[in-house]
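In the two complexes below, chain A is the common chain; its partner is chain B in one and chain C in the other.
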Partner chain A sequence: MKTPTRRLLIVLLLSWSLGPLLWQLYTSFSTNEALITPFANIDHRWTLNHYKDVLTGNPPFWRYLINSLIVGAGSTILTLCIATPAAYAITRSRGTITKVVQTMLIVAALFPYVLLFLALLEVARSLHLGNHLLALTIPYAALSQPLAILLLSAAFRDLPIDLEDAARLEGLGLWSRLRWVLIPLIAPATASTAILVFLFAWNEYPIALTWLSDSSLLTLPVAMARIAGSSIYSVPYGAYAAATVLGSIPLIALVLIFQKSIVSGLTSGAVKG
Partner chain B sequence: MLLLLVPAAILLALVFVAPMLHYVWLSAHANSVLTGLVPIPNQGANWIRLVSDQRFWQDAGQTLRFTVVSVSLEVLLALAIALLLDQRWRGRGAARALTLIPWALPTTVMALGWRWIFNTPYGPLNQTASLLGVAPLNILSNPAITWMATVLADVWKTTPFAALILLAGLQTIPTDLYEALRLEGASQRTCFLRITLPLLKPYIALALLFRLAQAFGVFDLVQVMTGGGPASSTESLALYAYINAMRFLDFGYSATVMIGSFILLLLLCLISWSFLIRLQHRTGRV
Partner chain C sequence: MSLKLNNLGRRIDDRWILRHLDLEIQNGECLALVGASGCGKSTTLRIIAGLDQADEGSISIDGIDVTSTAAVDRKVGMVFQSYALFPHLSVAANLELGLKVRGVAPSERQQRVRQILQLVQLEERASQKPAQLSGGQRQRVALARALLRDPMVYLLDEPMSNLDAQLREELRPELRRLVLRDQKPVVYVTHDQHEAMAIADRIAVLRDGQIEQVANPIELYKHPASLYVAEFIGRPQINVLPPEQGVIKAIRPEALKLQAGGIACELLHREWLGASQIWQLKSHLGPLRMLVGSDQTVPESIQVSWAPEQEHRFNARSGKRLAA
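Take a look at the complex of A and B:
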């Protein structure tokens, strides 16, 4: 491809990916007059009021970020604690079992989990799990199992079997082998899995929507949707844009910092799964 | 050893298997505000209602339309993006990270962002139109076109995922294959058709299947962006099931809608799967 054509395509790609976000950024700093005449020349064009509104609201916006952070971190830890031993067991079991389990996991990973929300809601009601942030980590960890087990077992399989045999000859039991030899060696795969699970839990909507009602406990996606649902016709777009920007910053930072882990997680899932 | 599997197996059974069994049971019962939320067996009345429920079939058609159009656009666009990101140029790593951003954001966040972009008359699209002297278009209140706006928002968000899978596929193709074919004097187009596309097929199939299942379950986007409107023209099956449960408080029927949607999705996957297999046979590659 010739360089000018390529340059044009790159510009197109980046404006397509970032354009809608940049418009939100622009909106978030615009006064209400500027909002309804985005291309006209007016005096009072810029303001910080939307950010002030969002940050001093009740509850203040950072509350939702903290809630999402709690749910995301909790789900990630729980997922890894359960998926790592399972992934190891699958790697070391006989061929047919591995095949069957793997197929089932792929089907589960494909499943549009939104269809599960009603049954999960009934569970939450009967066990009084609604309005508990950490309770959400249970369904999230469960829904993350297929992906986590597939990624981690692929990593375990890549380790040379001699390594584990040597550790066994040294007299290390199963737990010590996992703890001191195998788990440290699959750290990159664990990191990829962790970041993907965290993103899923941070972004999950239908279950959080039905499990949480207390407005100080909402996770970010539910809080944003609630602003939208407050009225179909008069969404406070300026404040909403400010909320979008604030809510996006942690994720954008995460993507830019952990880009390599995310890419290797998604692609090794594709190549080996 | 298998003991290590037990926690994961219990969790998976609880969250995937038990709900489906529960739905099967629930779909055989009337369980709504009318019954005081007490399940009463109703001899398949839910299923009879489902078969003749126009709204269910309308939503099924709309969900299918949304799925087919947005997944095809996504995979085509993702292929173009993957080819671009696979070439060597300065700043490629940064561009890869930046194109991932839409995928990483919560759907609900940008769903409302899109509502603002499509706003009549203040959104940037309609403002640009009025600058050009074109009459504003009621994008989000015209049942004939609103669904296209939801497709656009979905393509924007999920293309990076498909592009990454295809990029992973591109990177597994050894470069000497291209060099060998080019030595025979083959053009870039021939290389693409004879090496890239055939070797990429498993990855395209994977991206297609993954996206097909996810798009068919579309919920967050339409619930926040359009609420299923205007005139239910963007309502998806998942949203209809949600409305039945949470607004009409008819849990028995909601469960029936969910199983119905699930069966339709299975059919869709089987059809596309057999189509993909036939495509592979025709071009003589496995």
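Take a look at the complex of A and C:
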């Protein structure tokens, strides 16, 4: 492909994915007048009021951010703690049972979880898990298991078997092998899995909506829905955009932090000369 | 004090990929396991290491039965064909990991790693990652790791097959010296008969999971126990004549001599080796390979023969050697 064509394509792709984001950014800093009459000549076009409103609301917006961070981090940790050993076991064991388990995992990964949500609500009610922030990590981690196990077991399978054999001959028991050799080597896959799980927990709406009712415990999506629906007469575009921007910042930061470990090629040079 | 394999067998489903394997390797002895791919040589090595389980027979090291000992506890030093260095760790950390897990104190660990790096001449590479090393250097790190294990047995699985020919030749004596330094049994797996001849004290030729012959390199070359061994060992390959009354005769290419009144041949191709040359000949007995000095000119008519004592004779059906 010629360079100018490629450049054009890149510009189009970037505007496709970044356009809505920039629009939200623009909206969040615009006064209500500017939003309603975009081409009129207005004195006060820019404002920080939407942010001020959102951050000084009751409860303040950062409360929801922290709630979502707690739920997201908790779900991610819980998911990885269960999925990593499971993925290792699936990769190393053979036989029909393993094949059945793998097939079931794929089916479970494809299953629309919303269909489970009424049943989950019953479970939450009978176990008194309602209005506990960390209780949300239980369904989130459970729902993330299939995908996480599939991704991590693919990573384990990609590791040259010689590496684990070498570790075994060096006298490394199962735990040492995982701790010093295998888990460090699948770090890129773990990072991408972690991001996917975190994103799911960050965005999840129906379960969070039904399990939490205490307004100081809400997660971001629920809180934002409340902002958007706070008045039946008008949609507070500015405040909503400000909330969106604030809600995206942690995600962007997360990807930037993990970017380094997502880069592939960590295992290059392990095998062959 | 030795490594002893007793009637070792390994089965995959109903097929035996290794059967009736008996071998004894003395301390300070290097035994090469050779054979075509799939003959069971790597399987044998993995069974000795404990990475694979035997379905039959037993293994003992220094008289202690280790057949059911887990690989983690077996104390073998293995060099993998792929080297299997941990890619995320530096050279020094690669070497130190085993010591750390086995509970060696930090100060002693560092000292031993330093010593071993000196021995394999890689001190200045200590902090580099395996990916930054050349093939030969990686191989030396892998060897150093095996040496640090203080093993009862050394197992080398095609340790040089990823190196170029010149480097292989250079490293061979070095490898032999290092691995025999602490006088332990060494099992060296290779598909390269030349490498086996060059490095081993004894060679075991495996075929379809069974031992065809075990002998020192000269014996193997001069008195192959079967046609298979005769064809496997020695390059250029031995000439095999068509069977006659249930007997197959085979003659080494260097045993063929130009002689008037011999078998009339036609020269198809000439290959220069440097000090010698190979003539690819066509005769009524089929194609023949002849090794001659590089000064030898091609005569008008080529007639070859050989001394009767240079003939190897094998049973045409079993392939076994017939008494002279």
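As a convention for this text, the second predicted complex is superposed on the first by the 231 of 273 C-alpha atoms of A that agree within 3 Å, B and C clash if a C-alpha of one lies under 4 Å from a C-alpha of the other, contacts with A are read in each partner's own complex, and residues count from 1 in each chain.
One rule holds in what follows: a residue touches a chain if its C-beta (ideal position, glycine included) is under 8 Å from a C-beta of that chain, and two chains touch if they have at least 3 such contacts.
Predicted model, so just to flag it, every value in this text is computed and none were measured.
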Superposed model, chain A: greater residue contact from chain B or chain C: B
Partner chain in contact with A:95 - chain B first, chain C second, else both or neither: neither
Touching partner for A:171 - first (chain B), second (chain C), both, neither: second
Chain B versus chain C as contact partner of A:4, first or second or both or neither: neither
Partner chain in contact with A:160 - chain B first, chain C second, else both or neither: second
Chain A positions touched by chain B in one structure and by chain C in the second: 266-268, 270-271, 273
In the complex, chain B residues that touch chain A: 1-5, 7-9, 11-12, 14-16, 18-20, 22-23, 81, 84, 87, 89, 93, 95-102, 104-117, 119, 122, 124, 127-128, 131, 156, 160-161, 164-165, 167-169, 171-172, 203, 206-207, 209-210, 213-214, 216-217, 219-220, 223-224, 227, 238, 241-242, 245-246, 251, 254-255, 258, 261-262, 265, 269
Chain B-touching residues of chain A, taken from the complex the two chains share: 1, 6, 9-10, 13-14, 16-18, 20-21, 23-24, 27, 35-39, 82-83, 85-86, 88-90, 92-93, 108, 110-123, 138-139, 141-143, 145-146, 149, 174, 199, 202-203, 205-206, 210, 220-222, 224-225, 227-229, 232, 235, 237, 240-241, 244, 247-248, 251-252, 254-256, 259, 262-263, 266-268, 270-271, 273
Residues of chain A defined as touching chain C within the complex: 160, 162-163, 165-173, 176, 180-181, 184-185, 187, 266-273
Chain C residues touching chain A - in the complex, by the definition given at the top: 49-51, 71-74, 76-78, 80-88, 97-98, 101-102, 129-132, 134-136, 138-139, 145, 149, 162-163
